[in-house]
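Please read through the structure below; I'll follow up with questions.
Note that the chains are named A, B, C and D in the order they appear, and that numbering of residues resets to 1 at the start of each chain.
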Amino acid sequence: MTRLRTILLPPALAIVFAALLCAVALLISGDSPITALRVMIGQIGEGTTAIDIVNSGAIYYLAALAVAIGFQMKLFNIGVEGQFRLAACAAAIVGGALVLPPVLHTIVIIVVAALVGALWAGIAAVLKAYRGVSEVISTIMLNFIATGLIAFLIRPDSFGVLQGNNISTNPIEPSGQFPGIPFGSSGTLFGMVFLAAALGLGYWFLLNHTRFGFELKASGESPTAATAGGVNARRMVIIALVLSGAVAGLVGLPELLGRDVAYTLTSPQGYGFTGIAVALLGRNHPFGIALGALLWAFLDKSALALDNVGVPREIVLIMQGSVVLSVVVAYEIVRRYELAAEQRRVAAQLREPAPAPVEVSS
Amino acid sequence: MTTTSTPLVAPPAAGQTRRGLPRWIVAAGIVAVGIGVLTLTTTLTGQVQLTSRGTTQAAVLLLLPILLAGLGGLWSERSGIINIGLEGMMILGTWGAAWAGYQWGPWAAVIGGTIFGALGGLLHAIATVTFNVNHIVSGVAITLLGMGVTKYLSTLLFFPVSHNPRQSPHVEGFQTFSVQPLADWLAQLESQQRVLLSDIAGILGGLVSGLTPLVIVAFALVPISYFVLWRTRFGLRLRSCGENPVAAESLGVNVFRYKYAAVIISGGLAGLGGAALTLNPGQLGYLEGQTGGRGYIGLAAMIFGNWRPGGLLAGSALFGYVDGVQLRAGGEAVHALLYGTSILALIIAVLWVARRRWMPALFALGAGAVVYGVYMVIPEVPREFASYAPQLVTLLVLAVASQRLRPPAAIGVEYRRGEGD
Amino acid sequence: MAGPEAEYAVELSGITKRFPGVVANSDIHLAVRRGEVHALCGENGAGKSTLMKILYGMQAPDEGTIAVNGEPVRFRSPADAIKAGIGMVHQHFMLADNLTVAENILLGAEAVHGIGAAARRRIAELARTVGLNVAPDVLVERLGVADRQRVEIVKVLYRGARTVILDEPTAVLVPQEVDELFSTLRAMRAAGYTFIFISHKLDEVLAIADTITVIRRGTSVGTADPRSVTSRSLAEMMVGSELPSPETRESTVTDREVLRVEGLDLAGDGGGRPLLSGVGLVVRAGEVLGIAGVEGNGQTELVETIMGMRRAGGGRIVLAGKDITRAHTLERREAGIGYVPEDRTRHGLLATQPLWANRILGYQSRRPVARGGFLGLLDRAAARRDTERIVAEFDVRTPSVDVPAAALSGGNQQKLVVGRELSGDPVLLIASHPTRGVDVGAQAGIWEELRRARARGLAVLLISADLDELIGLSDSIKVMLRGRLVADADPATVTPEELGAAMTGADGQAA
Amino acid sequence: ARDTGTPQPGAAGTGTGCERNAAPAVAGGAANTAAPLPNADASGLKVGLAFDIGGRGDGSFNDSAGAGLDRAVSELGLPKASTKELTAAPNESEDAAATRLRQLVTEGYNPIIAVGFKYATALETVATESPNTQFAIVDDSSVDLPNVTPLVFAEEQGSFLVGAAAALKTQSCKIGFVGGVEQPLIQKFEAGYIQGAKAVAPNIQVDVDYLTPAGDFTGFNDPAKGQVVTTGQLDGGADVIYHAAGGSGQGVFQAVKAAGKSAIGVDSDQYNIPAYTGVRDVIITSMLKRVDVAVFDYINASAAGNLQSLPTVFDLKVDGVGYATTGGKIADITADLDAYKAAIINGDITVQSTPSS
């Protein structure tokens, strides 16, 4: 029971705190926090919002998983952003060019995306393992370079097609798409939501029940102890980053295969950074990340609903930032509180029998 | 007791220092090699923009925010606190600078930017030092908050004046000035078209003309940071918190206070970097999104520089320079830089050989050959890649030079008072 | 530092300190006379370090009072304690590797003599008194343990401390160094300094102390006079059991070679002096081969090279007839090498992981804790069961196998590591300082297990700074100096002093 | 370096090297534009506007769209309360755009105007779902549905005219173009500008630079880069710089001002933008993209129930694009420019919409 409280209390406190903060900001700018809250809750029942939240949540979930895999080894993969965009672009190009039977087509696209993501992360991995280049720098740089590479790939004289004022890759035929579950006017749930959930399950299993997961955590916790225990640190760095990149490669697919069908200039960006925040919010735990991803998606969609009623939607950014910060602060406060309680408990226990110190002298 | 004996080697002199040249000679050597390579490249490829005064000036302009953000990172990380929130603090700085600058002029902007950045730093300190929040979590959160708060405040305060929620009203910048008569003399020398001499004159000329007080302040902050961090009691204590906070605490250092100070200064410097973005020539004030990831680049430059002010300067200069070249002269100049990079790789390979480190030497040589191959095969670097030449070059230099980086020992480690052993 | 001449330099009374789940100190009394060496004895986890941290202002007591020179004081931080003339040399070095010797000393005491020339003069002066012979600009990471110990003492003296706490200062020193330290202490005692001295080596305690206070399970059980107690009775006071001895009984050495090392070379970092050159040795089944050497002479590197954690520059390592020179660490472990590292927290344990997860470390590919297969499945239930076995067999004191390793006291952590490394029938055990910092009771347990395994035919390569242990357990001893094996010694005849002399190269061999 | 930034002899002389063609002689001189539809009564309409990133106040096409709406309010009797404006967020996904449009549909807005080609896909989805609602989309013509009206512009025609202006004004026979992001829309500006300049002075040099490649939208928000690129062009001898770089344009203006040369603004009459007051004396003209005209005309046509009357492209003929004369810096050449304008309208000159290289 205490355990449950320790886990659930902090996020609850944090959300309340963040909400209060935003309420103050809203009052200052002359808006009603009550309206804001009502609109935010109310949006779930409107239009396709509920489904959109789950869909976006799945995307954030994948991004956060990618980040979390690196984090397990204390590797900070800032490059999820570049990895996912490049992978989505490459997958769209390949998917649009191929003519294959249904399921196979989809699988090929998914594999291409994972491979490209892994490859892009692999550059950082090799530089880290063999040249000692910090993955923080290399992935930041690779994000930029990926943007250049994508621009090059979708130039109309490379693989791009002019679509009015936009540039797009060739659309993927229905055989390559990942069918979703239509909910009529409430929207269509991406089929890849289930793939994301399955990956989460796989991540959990890998981490807790396999040698690989053990070695990953061990290297993250203490590289020296892991080495002494026969873990090949260099290999782990490479595998962890490459695996992280492969998962990152999938981040763009739910939208690509479930809705957009092609990669365009205006394809969304920024999921990599959201992934970092969500992974941290979910404490790198597969279940925690899922909650974090949904919360994040909910807040994101709230921006639309708030804008619709004229409440400044910057509130959502402030809310996201303060939720991330206050969740962790709340965990710390609860931890300290329980520590103190424990100490009081021990003290109380000990006061009762009052052990008499033995007097020995020689 | 029997003794099997192998002759004994002479005992090592206790505490012999690592052999090697003084740091400043190494630095001077690096600068000399850099200029040499550039001159050679300019001469052989005819890309005059590589060493023109305008390019240096552009480099200075572009490196300024990066340098300041990097200095911010340096202060914070030297005290053991990772600061991935530099971007957020920088955003706060751009806003604060515009807000103060709009009302009271450029110096107020400098102060306003610094204060706003420092507020971000304070938040980071509260989270990481007082509440032991994971440093990266806090940094990410602060970046989000920075974006949210500035948007909110802009709508609230700038919109009524500028009629644009994403932009401040016009903020007056500093007047630029040149160091005379040096600047004119160098300009004249540059125009004489003499190999080497004109190139050096071009590079130096850019450093002494078109200056603003902010440039002077930023460059001065490099030696000042070095002096304060490495030569004063405050700096010693601050660094000790990043190396071994428990030891520092056991010697009566108030670790909390120093970490707080460091992170607040860090935020202030990042904020100053933001102010540079608002005040630099070419800016009219605050513009949403104008930091464009420069905080992260600053962090990278600091790591590139091995957590030292000189190295950081080198990292941001490299970045600013290549960015300046690509923006001013485009794909052809970047193409010429490829040539320069392959020469550099060759030099690095020779250095490794001299140290009898065969693997890195081979690697450098290989990398050099690949780059040279690319140079020969393509006539011009496509614009898509030329735009990211600074990032490519940074990555390449790191991969080839493969420095052994040494972060502060206790960086990122949670620290709780009285829990050490 | 003239104060009113009270009888007691420091006096702690009724100190109580609780940690979550443990009471580290409960109503402790300690009175230290001015100008004496006051020893504090007690088994692992008895609460000695905690008490000292309280005296030094690093932790606040839950209850109790402290008086310095008869004046009641309240320390909020070490700064307060330092002001009151108290200094502490910690059990674990409190040095920043990446700062220079001078910076480490000056840190926090910049006000004393500034940070310029005056400070350097003072450091040089103090360095002479404690025999510290290194340039002040050297990074601390380049110093050996003995010098680090000296830097720690200089740090304390530089601050003008008159009462100095020494928490297990001798754990890493060889006898000669201990003697040097003791003569320094005696000289300083004569000059009016007061010392509180903590050690698990009772003969040392008897040799240096003027008064002994014994702590058991967090309470002070009394004081003893070193002139009238024996180490045996002192040990009984501490743990209520007999003092163990590391004596080996009859030899079990066979002629079956288990480990053969030939001409092992290891280059130094950045092309410096080689760390190992031409090291060759043989360990047979049932044999304990001891390696004696002052720390920093290559023992660590030798062990890590044999374990595959460092890549040998030349030479051969053969395990039971199989060349393993190029094998990875895990392959070596799978071939039957057990490894008790010298630093359990760095190399032996995952601090925040539960005990059962720590059982898996190094065995992640083998039964009983792993099922293997393509996915490399682990068997958590089996790991838990086997950890429970170790806890029972090796008397690891822990509430359960689910607590994180960090929650165990040092001695219990060590027992867990030894138990783990003796699981799965290894053919060779490499044990570095297997009982370092472990109290007498636990020490006896570990020795007993080593002997039993040896009797079953285990080959043991033993590295230890505790020469009694080395002599007592080994069947033969080799001395290591500057990366070479320079001498052989017969444990039946050699004395710790002779061995110590050979280790420092002071037996006429050295240049 | 061996180049000091000052134009070198031989490269381009001061005016002398620039041979200029005479302006085309067109009957009627100034162009005769199409007759506008008479104002209809829009009091019964509920108009929704979905802005692109930046929204109102961006000093660019969002603002311009807003101005069109405002004009409809004041001239067509459209009640202010019957209008609604929503704004896109940076980097948002398609479903956000769709949700925004749906919100407007749900609340009964009809017609709904989406500003920016990024709405294309979302609009296609929502317009299919709601066949009874009328939609218009600015800058895109790829959605082919009966209830969607494209509002696209001949940016290349307007750019042609300012290119001609630049060629007429240059002293060094070298001019510059600074694009924010290298994407098709901005390339239209480039293409027209170059063609216009060459029409006036066939041997003119045009220095073309983009701040970032396609997909990296920071190029529209990075004045620092705009300044550096422009300074580079000015150092290379260019003396009239045309930008299509959004917010980065302020860097362009600053650089031009520091060098005492001339600049050409884009989209709206940037001479009049409050934030640019300090630099406006270098802005000789701006290429006008009359999103306001398109939006107003669209609302007017909707009110009149006569959407067929709208042009397929808002070009010079319908005053959908043009150039600004505020500040009087090009008063001396307006006759020439109008001649070119007439020639384009007549079809004597066809302007390319993609750069030839």
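In this text, a contact is a pair of C-beta atoms (placed from the backbone, for glycine too) under 8 Å apart; a residue touches a chain by one contact, two chains touch by 3 or more.
Please read these numbers as outputs of a predicted model, since none were measured by experiment.
Any chain bridging chain B and chain D, meaning touching each of them, is among A; the list is complete. Each step here moves to a touching chain, and the least such steps from chain C to chain D number 2.
In whole angstrom, the spacing between the mean C-alpha positions of chain B and chain C is 43. Mean C-alpha positions place chain A and chain B at a centre distance of 29 Å. Chain centres here are Cα averages; for chain A and chain D they lie 39 Å apart.
Contacts with at least two other chains are made by residues 147-148, 151-152, 155 of chain A.
Counting partner chains per residue, chain D shows two or more touched chains at residues 90, 182, 212-214, 216. For chain C, the set of residues that touch two or more other chains is empty. All chain pairs in contact, by the document's touch criterion: A-B, A-C, A-D, B-C, B-D. Every residue of chain D that touches chain A in the complex is listed here, in rising order: 86-87, 89-96, 98-100, 102-103, 106, 117-118, 120-121, 129, 139-142, 152, 182-185, 212-216. By the touch rule above, chain B contacts chain D in their complex via residues 42, 48-55, 57-58, 61-62, 65, 159, 162-167, 169-170, 172, 176, 187, 190-191, 193-194, 198-199, 202, 277, 280-285, 287-290, 292-293, 323-324, 327-330, 383-384, 387. Across the interface of their complex, chain D is touched by residues 46-49, 52, 55-56, 59, 147-148, 150-152, 154-156, 162-167, 185, 187, 255, 259-260, 264-266, 268-270, 300-301, 303-304, 307-308, 313 of chain A.
Contact residues on chain B toward chain C in their complex (touch as defined above): 1-6, 8-12, 14-18, 232-233, 236-237, 239-240, 243-244, 246-254, 355-356, 406, 408-409, 418, 420-421.
Partner chain C is touched in their complex by these residues of chain A: 208-212, 214-215, 217-218, 221-222, 224-232, 339, 342-343, 346-347, 350, 355, 357-362.
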